[in-house]
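Chains here go by letter, A, B and C, matching the order in which they are written, and residues are numbered from 1 within each.
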Amino acid sequence: MAMLEVNHLSISFGGLHAVDNFNLNIEKGCLYGLIGPNGAGKTTVFNLLTGVYKPTEGIIRLDGQDITGKNTIDINKAGVARTFQNIRLFRQLSVLDNVKAGFHNHHPYSTFTGIFRLPKYFKTEKEMTSRAMEILKVFDLDKEADYLAGNLPYGKQRKLEIARAMATEPKLLLLDEPAAGMNPNETQELMDTIRFVRDHFDMTILLIEHDMKLVGGICEELTVLNFGQVLCQGETSAVLNDPAVITAYLGE
Amino acid sequence: MSFISYLKDGISLGSVYAIIALGYTMVYGIAKMLNFAHGDVIMVGAFVILTAITKAGLSPLLSVVLGVIICTVLGVVIEMVAYRPLRKASSNLAVLITAIGVSYLLQNLALLIFGADAKSFVPVINFPSLTLFDGRLTIKGVTIVTILACIIIMVGLTLFVSKTKPGRAMQAVSEDRDAAQLMGVNVNATISLTFAIGSGLAAIAGLLLCSAYPTLTPYTGAMPGIKAFVAAVFGGIGSIPGAMVGGILLGVIEIFGRAYISSQVADAIVFAVLIIVLLVKPAGLFGKNIQEKV
Amino acid sequence: MKKMNKTTKNNFINYGLVLVLFAVAQTLSATGNLSNLLQGLLVPLCVYTIASISLNLVVGFSGELSLGHAGFMCVGAYSSALFSNVVGDALPSVPRLILAILVGAAVAAVFGILIGVPVLRLRGDYLAIVTLAFGEIIKNLVNILYVGVDENGIHVTTNSSGLKLAAGGKKIMKGALGISGTSTLYKDIKPYFFLIGVILILITLFIVQNLVHSRSGRAIMAARDNRIAAESIGINVTKYKLLAFTVSAALAGVAGVLYAHNISMLKVSIFDYNLSIMILVYVVLGGIGSIRGSIIATIVLYALPEMLRGFSTYRMLIYAIVLIIMMLFNWAPAAIDWRKRVLEKIHNKLPKKEAA
């Protein structure tokens, strides 16, 4: 069964069809790419999938469960985690605390327990710290655990955002332009990390990206979006050689 | 008839709030800061005018001109010395607290120079009053002048902002300061100009306020300042017609609350209406609702 | 693990700081080095310290600007003073005071929720003006409230003549005249009020510090740093903003209780927006989000005008100037750069000496 199933998804802002009749099927464990020219509506799709916007039409199913129209918090609880095009970290918190914040719903204890330092507080915090350090190690951030997130170099900030999203133990991970602003070396490293996350956690990943080397290098399937509509869908090599896609990217 | 009489009083008080609110809203819109000291500039203006007339024996007109000039200079100096260095501070609370410091400074300077006891303001505005409905309703000259001044100022400001080059620079700075800078707008000069206009208006507001309620202390400006800010928020901060409408509505609500409910809770009513308006329209009556882009 | 130790250490430094200051004040007072005037300031100092620590929870950790803190202090002060006066001699003073503190905190917390639910949707300066408005509304309403007690129970009206009490009834709250005589109910423990104040500061510290360094505190700060990202990882931002706001209100209520029980005449006029602003000044000057800063700034800034009493008329003027200069020095980017350069210069000079 598909991990993500999107049918006839549409939204319009004041008569403008930002996303129109969007369909998508992603199998569990797939590394899927969403590409398209600027303004094609890619981030809007992400915002629809994560409940930032409510669709005017269409159904979104995650692992068989209907999540259409739910709010961001419930969608995250249902198993969708994301990163952002313009990095959104908790800049004043430590790298470790950024990841621990991701555990919010998975290692809960009450405010009362926290204030009065009941045994559960110590036990849960210890668990969280060791789990967080494991995740940070995967992303090669364990040495910077005590740094303020805002003080990390750019490439590491992008990685930390992925680490934080992974801490929410998602079924589906959405990455919005993970390689934006990275140099070729960093991009190469990021590709390895994304592949590792998929293999290690058996994660289903949907990513938006402009870097064709990255897309061609790691995505198994692609959807091309143009003017809010699906232009082409299928296996990566086939899509990238599709004349319609080439035209959309390079112009006539 | 008492209703109309109260309405008239409300519009008159509201016009004063509107003039103060215009200063607030311009400064907020362009410098993006809550200038807590704005109310105290009103007080300074009133003291300057009063002193010029009673001590220096200047003519009322000359005194008012002097008041406006001194407040204008004061506003520009305050901005340059106390606010400008903090414009790029990491928290916008910094400039808020500094503004509070400036407010204390002005109040205590006035306290030192003029003393704590209330001074009675001299009648400056000699304008014939208007009698309507066979003498059942009298509109005082001060009221007429206040309302007229408010209308003239609003129209003047609207034209200035939309039709002149510095006015358009103000709009640009308020929209996006960095972009405006890149487009060659002198941001510092524009902000100075905004403070100059806002503070000059404060002097006029001081005159009108003290003409209607002729007692003057170092703390006279504080509460009207707060209320005018409420008025500006009410109308949608940054909007010139918003400040006008907000100010007048606030004045009318306050006078009605005083007359029909209780003078002790009039302020509470004013603030309660503000809260209700903001809960229904979080950006105020004429404000633009800006959503953060994800 | 190292991190854990660091925060724990930091927390304990704050407890220690309060205890050391307490010991210093007690020693000075025991050796007769503290004038009556200064001794009279010790309990109010505790009041404002609790108020500024609790406001820091909202302004510093939750990142919301509140100008209505005095309103919550007012609610705590009046509800607890009413409680103490109604209960009167039915209870000995120590349990009565403990209950009064709980009443004040609980009523202030309820107001925190009632106000927080609608207004926390607003942002930044809009939230500031609305909290200011709420503070003023509370002040205005308390100002017209008359409460009396007689054998038939508690009576509440909004005008003096409307309070019809049976014979032997007692007027407790008299509108603008407020509540008088609360402190005489606690004559026997009055000398310990400073100690009680310090204990309340420690409790406030305990609650705020432990809250901040817990799951909920992380959620509060995550929501402050990036609301959208916090929601994307399943944090209910509204809930945690409300939590911070309510805890802060309850602790402000406690500050109000201490204030109300320490003075002979409780009047509402003190709880105006100027008080809220004064506390905000302590918080910002002490460093947004720094609890230790709040404590130190409160002590310094509260004591400063009193120290300047010798200059009488000039003291508030000096205070204003000092405030402006400190803000510019602490926050202006140019001043920060300058400080960095100076520190570097000093730093560079030191090793040279060693080398020589």
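Heads up, the rule we're going with is that a residue touches a chain if its C-beta (ideal position, glycine included) is under 8 Å from a C-beta of that chain, and two chains touch if they have at least 3 such contacts.
These numbers come from a predicted model, not from an experiment.
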(message) Count the C-beta contact pairs for A-B and for B-C, then tell me which is higher.
(response) B-C
(request) Name the chain whose C-alpha centroid is farthest from the C-alpha centroid of chain C. (result) A
(request) Compute the distance, rounded to whole Å, between the mean C-alpha positions of chain A and chain C. (result) 42
(request) Indicate the whole-number Å distance between the mean C-alpha point of chain A and the mean C-alpha point of chain B. (result) 49
(request) Go ahead and note the Å separation of the Cα centroids belonging to chain B and chain C. (result) 31
(request) Indicate the residues of chain C shared as contacts by at least two other chains. (result) 228
(message) Can you pull out the residues of chain B that are in contact with at least two other chains?
(response) 294
(request) Could you list which residues of chain A touch at least two other chains? (result) 52, 84
(message) Taking the touch rule as given, give the residues of chain C at its contact with chain A in the complex, in rising order.
(response) 1-4, 206-207, 210-211, 214-219, 221-222, 224-226, 228-236, 243, 289
(request) Spell out the residues on chain C that touch chain B in their complex, using ranges where they run on. (result) 59, 65, 118-119, 121-122, 124-126, 128-130, 132-134, 136-137, 140-141, 143-144, 227-228, 273, 277, 280-281, 284-285, 288, 313-314, 316-317, 319-321, 323-324, 327-328, 330-335
(message) Please output the residues of chain A touching chain C within their complex, sorted ascending.
(response) 50, 52, 71-73, 76-77, 81-82, 84, 88-94, 96-97, 100-102, 104-105, 107-109, 111, 113-117, 121, 124-125, 129, 145-146, 164-165, 167-168
(message) Residue numbers of chain A touching chain B in their complex, please.
(response) 43, 47, 52, 84
(message) Under the definition above, what is the set of chain B residues touching chain A in their complex?
(response) 294
